[in-house]
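A, B and C are the chain letters, set down in written order, and residue numbers restart from 1 in every chain.
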């Protein structure tokens, strides 16, 4: 059965669909996050290598850091779709995603600072991962700032889409330069992933919480996009009918 | 096509010559920022040498973003930009001519004045040579990336501040390797070639891709 | 050689300016575009040029979509909007030369002088445009008409700021161009001395 995807590219048909999807994603988010956190708190060892109970912030920290990066890619994907097909819905999704992405980035920096304070004794360290995350936050802020500075919706959508694409193109170079500021000593650029050393129970809990974060982000993005639709389409007949029904 | 490129380049240089003050504001901004750091930090020779690479590059970054707003603003205000969009020439070629003119007027003077900053910070002659070379490779990249930001923020209120917000994060790779090379030159025993090669690679990538992105942004903004 | 517009729809912000706009312009014809203030005349002219992206509809030049054959279209197009596209620090001759270079044509100093003098600007060739009056600046911009080889003129309120003599001159320039097989689209409140059969009136108020 072929689904006509373009049918949902119109705000008036996407709005009710999003309304139906939000409770589903929200329920999934609550179940997964609660389940993951339960597993993470009660079914896992009390220490991770040399870290004591406080390592458990990892469940929120890693999940939000991952979301921060993925959501940037999701945002650019929507923006590119918008530029290619000229669909307003894609741009609205992109701008809704940007705000959630920025919040996730801020959350990961915030939880990271707490974790750093307890385990390393410092709130902030210019370690490559933290620095990259900070730059990512700046990129989100740039996107949001450009979008809100342009009053005309069409121009702001398309201009910020171009900015997001340029950002995504330069991100690898920025990450490379942060990870390897001295090109003479970059034989081992590839940082060893610390995931392999982690106990499987912790890993499972972390992945479940991350899945929950995905669901939460979907739900919040859809809620936000519904608001954007209402704002932009407030002059149309279908929005007026919506008000009459209530 | 090449005729139009040259005509536009010549026009922009001619216009700048008739309003010379614009060139000097950027240049003096750079000099002042560089001179103000020692006042705030320390006059000690060792400290100054330590901070010199970063300070010079950050000053160059700020000076470059300061000048960005002017690349397209005048052409946008008087309608010339519209005419540029309506020529049979590829817009990216015209954009490149404008960016090149902009660099010649705001980037190149920084390269030439850099030895002065080097003297203020007690850098050796060979380090000053490296400083000039990396600025020569790096500042065109700044102009080209910045042109995208300038095109996106065309005609917006507070565009000048906004453009810094957009492009400064994108300048990071140039900052890292530009100042890294100067630091390496001061140590003396490290090979500088990787720095030059990386910066040149960035320059080539910027040459290929940024005019297209800038042209696309201009079309969006002029509408 | 025709410009054909089919089912064009444009909007500004959230407001639809016009929809279903369809017309055709052939060699030797002139379109007089009418409409109330804010009816989208300027937007229409800009979208014909490709400066504004319409919501729907097609614009074809010589049978090809203008969006996909920009090179050939822009060779034939002359557009003058509200702004004169002049650099205030350059003199009229320099301005004309740079603008024709950008359009891919080359204009000698004599040709530029001649065009300027037809628009009553002899003696001002070396004066920076900054020092000219509004009307004189508009005339400099319009003298590009005499230098251009374009066959399609798109003019937005070309008569604004001109005195009676200049209006008459511009009218005759446009009419000559059209009678020699060119085409023109313009918005104006000025009547044009052109035979009825060559004149097409398009009123945007009917397409809201």
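Heads up, the rule we're going with is that a residue touches a chain if its C-beta (ideal position, glycine included) is under 8 Å from a C-beta of that chain, and two chains touch if they have at least 3 such contacts.
Computed from a prediction, not measured in an experiment: that's the story for all the values here.
Novice: With centres defined as the mean of C-alpha atoms, identify the chain lying farthest from chain B.
Specialist: Following the centroid criterion, the farthest chain would be C.
Novice: Taking the mean of each chain's Cα atoms, which chain ends up nearest the overall Cα mean?
Specialist: Most central by this criterion: B.
Novice: Could you please state the distance in Å, as a whole number, between where the Cα atoms of chain A are centred and where those of chain C are centred?
Specialist: Whole-Å distance between the two chain centres: 48.
Novice: State, to the nearest whole Å, the distance from the C-alpha centre of chain A to the C-alpha centre of chain B.
Specialist: Using C-alpha averages as centres, the distance is 32 Å.
Novice: As a quick test, compute the distance in whole Å between the mean CA positions of chain B and chain C.
Specialist: Chain centroid spacing, chain B to chain C, equals 37 Å.
Novice: Could you list the positions in chain C whose residues touch two or more of the other chains?
Specialist: If we look for residues of chain C contacting two or more partner chains, we find 53.
Novice: Provide the list of chain B residues touching at least two other chains, using ranges where the numbers run on.
Specialist: 223
Novice: Spell out, as numbers or ranges, the residues of chain A touching 2 or more other chains.
Specialist: Those would be 154.
Novice: List the residues on chain C that touch chain A in their complex, please.
Specialist: Residues 13-15, 53 of chain C touch chain A in their complex.
Novice: Quick check: in the complex, which residue numbers of chain C touch chain B?
Specialist: 46, 49-53, 70-72, 74-75, 77, 79, 81-90, 94, 97-99, 101-104, 106
Novice: Under the definition above, what is the set of chain A residues touching chain B in their complex?
Specialist: For this pair, the touching residues of chain A are 135, 138-139, 141-142, 145-146, 149-150, 154-155, 158-159, 162-163, 165-167, 169-170, 173-174, 176-178, 181-184.
Novice: Which bits of chain B are touching chain A when the two form their complex?
Specialist: Interface residues on the chain B side: 145, 148, 152-153, 156-159, 162, 165-166, 168-170, 172-173, 176-177, 180, 184, 190-191, 194-195, 197-198, 202, 209, 213, 216-217, 220-221, 223.
Novice: Which stretch or stretches of chain B touch chain C in the complex?
Specialist: 1, 3-4, 7-8, 11, 14-15, 18-19, 74, 77-80, 82-89, 94, 222-223
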